[in-house]
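When the chains are written out, they are named A, B, C, D and E in that same order, and each has its own residue count from 1.
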């Protein structure tokens, strides 16, 4: 029982099938450039970046092609050497058209990356934060929050612990797993930058116990003077969520609506950390990321370095998919979104591509039943909400009541409730609709 | 091959579902009820079979008709009505006229469920609504008990079973008292072993406590039943009756008797745990169970009726929205002092 | 009373308000008193008749009755018409003017609500010889069978309530047994399916007989038709009435 | 009248012969304000309070009427005295405690002509309760009314989210719920024999 | 349309089935058709009489004391009815019990006095009272008939079925009253659905 409350794990949560075996042991490989890359200008939360290139301009791989628009925004870099074909709209993941830079790689484009001004390890925190922004680093776990924006402790507050999220609780995905195995030194370098930027005294890398090799590998190479420990956590979804991870590792609970900084902690994804360690010493920006491409419909499953902006259809063609492909998810199956079409490009937040065939589709042919108030969702919800009641209220469009009395805004859409719901009620979708309606009502 | 403009099926996350399905849950409840049902038929013979079949059929047909009437797709598939029918049948006395069984089935499903909007909307357990209706409508027939293991129980039927519709039930032969009635009005206690195995007079399903517990254990093991509800009920009933028995042994039965007699087992394990009518939180379920237990003891000890499980559960059903209102999970990270909105 | 108000209703004076209220109140009061006086004789006759019928019902053989109430010395004296004493006793006399028995009120909690009974006590036999339910809200078809069930009513053909030798208490207080298990004359055979109600009736009778019979029995002489001939008084003006 | 214990009278008025569920008294507020738990609680409180006032009043009136031998004025004086007392109480509350007035006061005028109040006055008189018994009866009746109202409000709030068929929605649904509650309350029959 | 004042109460604005007023007496004494009818007629009388008097006095009574006067008038007529029923049949009086007195607080009567009679002439008020009263009586009878037929197997005390008929006791109990009224309300809302 003690383990439930202390460091170990958070309460509630679910245990979806992990389905990581197919790719966990496959080293990261490189994917070729697509004939046309589509780099959306808004791959992060916040203001879209502002293009600094013209149509027809030639760019070199790694060269900045867009600059941040304000603090809550990051720079973009050319994922390949080539010509800017157009700056226009491209299909985004939510089905909407978003501004993007169309880049046609040159036929002989190499993997060579141009270097910028390196950021030294002994730079001031402000310099590091700025460098991270200029490197275009956003949370690679999927949320896409500009990393530099959360490094500064709040006014009057402080951060004592830096948490590196190597949990990767989403089923199917092995991106972070491979990064931990293959980019250990980058992670430690990144950690040094982050510790310097935040002023945190120590760092903890949290790894779920289904990745013992990663934990052991990190431990072995741990530099002596780095105040970093590696904690192995039991497997549970959604342990990768900031608040859950902080509770699991520190036993601190972030209050509703609060940030991790309010409990003096900061969470950074392990892949993001590695990327910082990889880019900053060379003054580079993000041009590619590690993506797990897997799922029953994929022939050559694996972990790939994928250039940002690679359209889904090219990616799937390259790895080969079954003919009866029916659904593709960007990110994991729990929190990722379904791709509306195969024109959608890989962005910085895309940690995985999971493709299903019609046969294997996990949620097709489900009939929605009325809520029978079984309470499974209450036992699943890591935020201790009452999804059952929220779902009923949502169905009756009582959105205000959901927010006022049932803490709708604490829901971070992990999907644990809908996962366990025996009535197959699309709870998360209803909550999203409700939140959108509330935002709209508030705005008007 | 993969075309760039291919439109895919869109659905919001999560894209994985656990194996839980309403149908599976309901199927398992039926499965858990089977030993009790089989034992009831073995104890009471042909009449029990007929009562159960009639109960099931009337409930299923009513649900089908209600669906047709309100232009809903048939909801027979979700299996919840089958449970209602089976549970309802198990609460009836073995010799009840079949026409009354059918009336109760129609009332239970129509009034206890369809009127409120079907599955998930019924605030009360439909099987108990049906039984309470019958108890109020035909009190004599509902309290005429036949002993188990009667001679020739598979070859003959009591006259009451086949009473023509709307006619009085002729109670023929021996009409036994249930152990509870015998204890309450006659001061006699049945042997615990008889109670546990079911060799006593009573409703079809209130005979064997052990088989009911077995079914309950199956459901608990499969996470398809909230164990807190029966535990709450058993704890309070055992505790309160132990206290009463200690204070006044001559007028109050010992806890073992209280637990295994009457409909307590069936009610606690299968009726009170009906997910729709019970609270959703763990603490709420414990409280709900405790409330049922307390009501059962109060009604049994001081009320006019020998048995109070049915009323206790119906009353607790009515209280359960309040329990859900008062006991809500405290949202993650909220400090206790802040209180609950 | 229908004179329209001369003042505009928009600005009523206190006077017009008072006039309206007092006027209406006065007329209403008059109407009520008138109806009350007009119907009172009929109602009282009907009430007396109902009571008498009940008394005759529980005292088979009685042809006339008179109500008594105890005075401050415990002596039973003929009761006034509007006496509401709870200790009231109705004596029943046969055609020859001999005391048949006494009818007593009793009440107690039943299954649903208070049950009110009238029971006939045969003074010589020292037994209850009839019970009539005056008021009950028992479950129709179940608890209310105590009024109609012939088997149950048979209990009260002669229910022994004889006093103990010292005259201070009942020798065998009334008890209710399970249906079909009556063995002694002081036992009541319970009613199948209406255990609570039959228990309640038994308990009401037991409590009432224990409490009242010893005292009444000690003063039996008060009820003997002394100087006044039974059956000669006017109906309605006292508790004493004639058989039709 | 038998000397019924005060507890027994309370239980009887509260559970066994619940004013709403067994006597159908006070159905208008029962059906009218049982949509929301909050109003239901406040209404229950207001009714209980007026019941207490009415009980005391009618006990006094009955004594007066017996003394002047005018039973025919019972009904008219009950209603007038209860109505005016409640009016006075309302004014008093408005003056002394605006908060209490806001929570209970707005219901008071509605309640004066409520059958549960007059019913209580008439029943306690018919049963011939003494002063303490009358108070117990009024408290029980008030508690029972509040209980029924609160249970009903909980059920109705829950059913607001359910797909109740249209012809049933509204009063008919409330009546069905009341009927089932009434059946459930039958379980209390015989308590305190 | 004078006739309309009368007919509306029977159907379109039926006090019980449509306006859902005066339910306490409707449910409490409708366990037999006879009681229901007696209660209905008593209410009808009070309604007509109070409507007539209120209409008569409508210019005489100032606004401030209107309700008080109405209650006085209604209470008077109820007392009259109470004693009349007692004189006619003690048994009926016992069956109806306190619910006769409770006619005073039947919202229907005060409602009609306030909403109609205090604004209309005596003729129209009487018609309105009669219509509403008959509608109330009709509804009460509908309830009482169903409850008595099922609950006792008889109508007006006359047995309708064979001797072996099993009465549905619940119909005589409070819960049966609730259910029967609910059923009638549902029926009515279905019947009226096309109008709405």
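Here, a residue touches a chain if its C-beta (ideal position, glycine included) is under 8 Å from a C-beta of that chain, and two chains touch if they have at least 3 such contacts.
Just so you know, these numbers come straight off a predicted model, no measurement behind them.
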Reaching chain E from chain A through chains that touch each other, fewest steps: 2
For chain A and chain D, which third chains touch each of them? B
Which chain is in the middle, if each chain's centre is the mean of its C-alpha atoms? B
Going by average Cα coordinates, which chain is farthest removed from chain D? A
I need the chain pair with the most C-beta contacts, please. A-B
Most remote chain, CA-based centroid, reference being chain E: A
Between chain A and chain C, what distance separates the C-alpha centroids? Give it in angstrom. 87
Go ahead and note the Å separation of the Cα centroids belonging to chain B and chain E. 40
Centre to centre, by mean C-alpha position, how many angstrom separate chain B and chain D? 33
So, what's the distance in Å between the C-alpha centres of chain B and chain A? 48
What are the residues of chain A that contact at least two other chains? 370
Shared-contact residues (touching 2 or more other chains) in chain E: 68, 72, 75-76, 79, 83, 169-170, 173, 175-176, 179
What residues in chain C touch two or more of the other chains? 28, 32, 35-36, 111, 139, 141-142, 196, 199
Using the contact rule from the top, write out all pairs of chains that touch. A-B, A-D, B-C, B-D, B-E, C-D, C-E, D-E
Chain D-facing residues of chain B, complex: 70, 111-112, 114-118, 120-121, 123-124, 129, 132-133, 135-136, 295, 298-299, 302-305, 308, 310-312, 314-315, 317-319, 321-322, 325
In their shared complex, at which residues does chain C touch chain D? 28-29, 32-33, 35-36, 86, 107-114, 137, 139, 196, 199-200, 203, 207
Chain D to chain E touching residues, read off their complex: 21-28, 31, 72, 75-76, 79-80, 83, 113-115, 117-119, 122-123, 126, 167-168, 171-173, 175-176, 178-180, 182-183, 186
In the complex, chain A residues that touch chain B: 14, 16-17, 95, 171, 243, 253-256, 258, 311, 313, 316-317, 321, 323, 325-329, 333-343, 354, 361-364, 366, 369-376, 378-379, 381-386, 388-389, 404-405, 407, 410, 413, 415-416, 418-424, 426, 428-429, 432
As the complex stands, chain B meets chain C at residues 139-140, 143-144, 175, 181, 185-186, 304-305
